[in-house]
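There are two complexes below, and they share chain A, which is joined by chain B in the first and by chain C in the second.
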Partner chain A sequence: MYQTLISLLVLGLLWGGVFLLLAGGLNLIYGVMKVVNLAHGDFIVLAGLMAFSLYEIGFNPLVSLPIVALALFALGGFTQFGLLEHIKGSGPTAELRTLLATFGFSYVVSNISFLIWGSQFQSIPFLQGAVVIGGIALPEALLVCSFVAFALSAAVHLWLTRTKHGKSVRAVAQSSLGAETCGVDVRKVRFLAFSVGSAMAGAAGALLICLIPFQATSGGEMTVQAFTLIALGGLGSYVGAFLAAELLGIAEVMTQYFLGANGAAGIIYVVFVAVLIFRPSGLLGKAGRV
Partner chain B sequence: MLQAIIRRICTIAILGCLSPALAQAEAPIKIGLAISETGPSSPPSLFELRGYELAIQEINQAGGILHRPLELVKYDDQGNPSTAAQLYQKLLTSDRVDLMLSPYSADLTAAVAPIVNRAGRVMLTVTSASDSYDGRYSYIVQGITPAARIMLPLLDLAKSKGYKTLSILSLNNRLGAEASKALTAEAEAAGMKVLFHETYSPITTDFSALALKAGEPKPDMILGTTYLADSQGILRALKAQNVTAKMIGFSIGPIEPEFYKGLGGVAEDIFVPTSYFPTLKTNGNEEFVKNFRAKYDLDPTYHAAVAYAAVKTYAAAIERVGKIDQDAINKALHDIELDTVVGHFKVNANGAQIGYSAYLLQWQKGKQVLVWPAAEADADPILPHPGWQ
Partner chain C sequence: MNMFKLAAGFCFVGAGIAVAAFGSGFVAQTLFQIVLFIMLAIGWNIISGFTGYVSFGQVSFFGLGAYITSIVALQFNVPWYVGLAAAGVIAPVMALPLGLIMLRLSGIYFALGMFGLARILQLIASELEITGGPMGTSIPIADSPQLAAVVCVSATTLVVLLTYALYRSRLGLSLMAIRDDPVAAESIGINTFKAKIIAFCISAAVGGIGGALYVWNIGFVDPASAFSGTIELQCVLIVLAGGIGTAFGPVIGGLIISSFSTYLWLNFPLEQQAILGIVTMFVAIVTPGGVAGLFANSKLWKRQSLWRPIEAGATLSNVTPFRASGQDRKPILTCQSISVHFGGVRAVNSVDVTAYRGEMLAIIGPNGAGKSTLFNLMSSFLKPTAGRVELNGISIVGKKAYTLPHQGLVRTFQTSRLFSSLSVWENILVAANSRYGKKAEAIAAATKALVDVDLLSHWQDSVDQLTPGQQRLLEIARSLVFEPEVLLLDEAMAGMTMHEIGRVHQALKRLMSRGAAVVAIEHVLPAIAPLAARVHVLDFGTTVAEGIPAEVMRNPLVVEAYMGREDAESEKQHA
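Let's turn to the complex of A and B:
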């Protein structure tokens, strides 16, 4: 039993990494731009299916990862310049308008995926083994997903705190008007943030399709999961998202083992409702954010 | 001059009298259905559609039914039950089709069955869940192996090997519930012991803990009533946690070629029951497979075969009745016994299929191979499962 508990805990932590990978890009985009990108899940699916096609012509998913991330960087830039930049207004009005715009765009992306790949579930047979340490099996796909999620989170954190571009991004996040007054090119920063967030979705898609089969319409569920996670952590908070991801990973695995798999599917929402009641700003969010 | 005018008037009058009769003689028999041409279920739905279309093409090339060609009236329900219900209403009232075929999936069939039945139209279905054939709908007739019987070849093979214990994982939906309930009952009736049985939600993606639990009692068999994505998720988790059993088998999911494509070698030696396979020596199957490959450049799946057999069964029932009369066709479908590409078509008084049986396939060296029943098998089953490489 002791060994089983350790196994479950490790699995939970690793699945936390998968959740973090799922939500990282969305968190960055919301943190900087206050845009909830409802096409985020569809970006992940598009990226995953691109990685699938690259795998079909002989590309290892780890090689496809930067290619797909770059493609999604471009798609993010296009979305920002072609769509979101044209939406006027500020505050809650702008948030609602961008929400509706990305909601509509999610249909465009998922239908493009559908036209190209059809609606069959696709997956990549990669990293299906496990590393066994002390009798505890660590699935390779989960290990790599978690590693990439943590590495990306750390890289984004360093970028935001240690580089001039990152500081510009944070300045825009705090006050767009203030940053513009100080000479920061706000349009460029928004472009950069949305593109980097989309590239993170691309990296997530290229890896997740090795773990979870995708079909063109899988994006909606992923967006809901990712949004729930970042809201739980405190919208835009990176450490909060990390904590939320680990909490959900452990909660899901433990619930599945002790209470049954049907309960596990809903645990993310039970935890979310509990946090909304007892800590409405999320685990590490600022008051009034959620 | 006067004679010419009279002759012309007579000609027009005669043609006028004859043309409705001629039109009636050649008016097509309309067969209506909604199917998921788009949406999550479109891959198997499209196979069904191909089966329907090939059968209709063959019948029309042979002169139609009652010397009338068949015409397919179809709509895309996008896999949505309420859309399907509206479309069946349209087929009945606006299109006034003569015969009905079912949409893809048990949930959509359950949505349209009351509408079709209330209108007094016969509908030959190809969905396996049983609740449309429990006596409540007298015009709904089943043309596929019922869900309750689909997993039984796995138990038959297990019995022959002396396996005694099993763990069952089942998707929490109509088909999963019914198939796993029947599997449990049949296993217990055969003296086997179900050590673990758990259902999971359709949105489950992480099966790690479930795989650990299923393997803990060390069962002889791990069986799942699944679709594609969940069967792949479970198998990945079993492999990653090094959980194994002598026999591992899942419903539906491993039928799809994408099952092997997504899992590679992990899919080796996995069993999947089916109601049809191209190598079966059933009536007309060789020709059906040849024609299907020629028309679509694909091997027919069981979805295509049951759909093809449904149209052929309709044709036989109508030829027997000699007219388009819903009650008479319904009675003929209940009475008829017919050898189709799927097997021996026979239904009970409620319209539930009792003739068609199930077969067992196994993934061997990247290919599906028919391994059970022994009399029909193309190869021996590989048992026990050799463990994860």
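Let's turn to the complex of A and C:
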């Protein structure tokens, strides 16, 4: 029992890396747009299924990852520049319209995935072996994917904190008006944030399909999963997002083991509602005021 | 509603029932589909359009209704109408505890929380035996498609009438006020949580009946179709296309979108979702007001104010202030060494303030001195970290903010917080409704308040047609409706003309003459100096000085707080 718990814990920590990448893109987009991209999960699924098709014609998933991420970068850019940028006005009304537009878009993306790949669950059999460390068997695929996901999340974090473009993205996230008065091209930043965020979704999808099977309609679930994570971490907080990813990873692995697949699918929503009620500003967030 | 509209509606419904009853099976089925979605969209519009809580899980109630009917029909073998009625009763009952949890959320959290709720319910339905598990179960089907269609059209007509009644009711007005500004709604004594719960349950009842009709019509229920995302998408799209938050938008949007979607379902079943998704995006990006938005200003469509003011000079003879007034100088609102800290910031630090009956207390101080925070403490919008706040000798710490107006304490806000989608008259009426139980009393009080601030001639205008000064007057009038014992005015006279300030002074004098206390924050001292009996000066969250205005203004500490140390010293040298 003790051994099982330890190995579940380690597995959960590894899953945390994948979750972090899965939600990182949404966090970036939310920060800048103040709107949740409800098509985020469908982007992840689309990317995963694209990686699946590339695998079928002989590509290694780690090779298809940059290809898929690039494709999603383009899709994200189109979504922002071709669609959402045309929503006029500002404030709550414009945010509501953006939200509803992404709501419609999520159906467009998932339906297109459905038309191309059908409704079967797909997965890439990648590195099927396991490494035994200290008596704990760790699937190689999870080790590699988790490592790549952590590395990519760290790279984006460095981009945000160390480069000029990244800094303007953070500036717009904190105050769009303030950034504009400092000469930041806000339109460009929104475009950049949406593209990079979508590319992260793309990379996450390519990794995720090596770990679990999913189908064209799995997107909604993943959007909620990603949103739960950033809500749990406190919107815009990077340390918080990391902690939340690890917590959710452990919770998911544990419930999967003890309650089965449906239990694991349900736990995410329970965590979601519980977080919002008991810690509405996230794990590390501070209480708001009137 | 005038006779013409009534007759048109009557013919419309009559035609619908005739088509349903005498059409072919196919026609009846198509009509059933279209009308069912109108009903579902109306359910969504009540919580998301009227109340402003956008939900992506309205299909939860549809699924609940579907399963309630199927379980009742299979377990108890009752006739179909009992199954329908059961869904209409049990769905809202089940929604009540769900609403108590979900409505603590707002914005995107609520929207996605509801989406999660639908998924949880779907998982539960696939796990349980009584629901038939993941593969679903057959239930007794309607005798004929024509019967199902007739029942659906009739039920939807009832729901439309019910929505219209809600739209034209006190509750409907409160819901729209909550949608526009929940904080301002609390400040005029509306129990916003309760109102939202009621809207949530009504919305659940409508969705539940829709689900019940659906399973009765096809004779089968399974988790995937009972909690289908396509249904959710259509509800949202219909309301969006028709006009969100309007009474008849969902009906018009439903006729258009539902016909289109039925056409898609018959000809492009695989691509239906993508096409509806594209239409949703188009509507959200290009025509956010929907069909109703296009005709928003036409006379046929414009929202008419609820009720109307009394024509001639109104009297409030039947309305009395909260308590018998007295001219003796008694404390009514006392704060004893109250403090509030935000992290390390001591926004208000051990302040003692007392407001006396019949006089005005002015609170002044530089920006960031903690004046508005002090108001939030006095009106229970914030809970103090330490100290006591008493109204008439009773502690109000920890009381819900909406209860205070009913005990005689009303506040205004530093920035204008009017209900932007309501007319000038309704902005006052919504407060009057919260204060007075009877319609006649509410109308009289609201009319009187409008006359007090000279806005009666503007009663039908929308609030953005008013000048900034008039908007502030309207806010003051909204609080005067309560005939409060304590009135907290937060920079209420900023941006007013001298004439308007004069109006406010008259109203405040009248209020104080019958024993009420006024506490006013002002930057512009002349705006209140003639009325203020005492002045309380705050800086960095602490009391700098207090006393009668003339004395306080000569206090060197006050001069320093306003002008800085050096200026104060040079001023001393000049003197």
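Simple rule for what comes next: the second predicted complex is superposed on the first by the 271 of 290 C-alpha atoms of A that agree within 3 Å, B and C clash if a C-alpha of one lies under 4 Å from a C-alpha of the other, contacts with A are read in each partner's own complex, and residues count from 1 in each chain.
Everything below uses one rule, namely that a residue touches a chain if its C-beta (ideal position, glycine included) is under 8 Å from a C-beta of that chain, and two chains touch if they have at least 3 such contacts.
Fair warning: this is a prediction, and the values are worked out from it, not measured in the lab.
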Item to check | Partners on chain A (chain B, chain C) - clash or fit | outcome: clash
Next on the checklist: Let me test your reading of the model: by the given contact rule, A:V253 touches which partner, first (chain B), second (chain C), both or neither?
Outcome noted: first
Item to check | First, second, both or neither for A:N262, with chain B first and chain C second | outcome: both
Checklist entry - So, does A:I277 touch the first partner chain B, the second partner chain C, both, or neither? => result second
Item to check | Touched partner set for A:M1, first chain B, second chain C, both or neither | outcome: neither
Next on the checklist: With both complexes overlaid on chain A, does A:A231 touch chain B (first), chain C (second), both or neither?
Outcome noted: second
Next on the checklist: With both complexes superposed on chain A, which partner does A:I133 reach: first (chain B), second (chain C), both or neither?
Outcome noted: neither
Next on the checklist: In the overlaid three-chain picture, which partner chain does A:I57 touch, first (chain B) or second (chain C), both, or neither?
Outcome noted: neither
Next on the checklist: In the overlaid three-chain picture, which partner chain does A:V36 touch, first (chain B) or second (chain C), both, or neither?
Outcome noted: second
Next on the checklist: Quick one: is A:G104 in contact with chain B, with chain C, with both, or with neither? Answer first, second, both or neither.
Outcome noted: second
Checklist entry - Any idea which of 3-11, 93-101 or 129-137 of chain C is the one running into chain B? => result 129-137
Checklist entry - Which chain A residues contact chain B in one complex and chain C in the other? => result 114, 217, 221, 262, 265-266
Checklist entry - Touching chain B in the complex: which residues of chain A? => result 4, 7-8, 11, 15, 18, 114, 118-125, 128-130, 132, 137, 139-142, 211-213, 215, 217, 221, 252-254, 256-257, 260-262, 264-266
Checklist entry - For chain A, which residues are in contact with chain C within the complex? => result 35-36, 38, 83-84, 86-87, 93, 96-101, 103-108, 110-112, 114-115, 217, 220-221, 223-224, 227, 231, 262, 265-266, 268-270, 272-273, 276-277, 280, 286, 289-290
Next on the checklist: Touching residues of chain C toward chain A in the complex: what are they?
Outcome noted: 54, 56, 101-102, 104-105, 108-109, 111-113, 115-117, 119-120, 123, 126-127, 183, 229, 233, 236-237, 240, 270-274, 276-281, 284-286, 288, 342-343, 376, 381-382
Item to check | chain A contact footprint on chain B (complex, rising order) | outcome: 38-43, 172, 198-201, 203-210, 212-213, 228-229, 232-233, 236-237, 239-242, 256, 258, 261-266
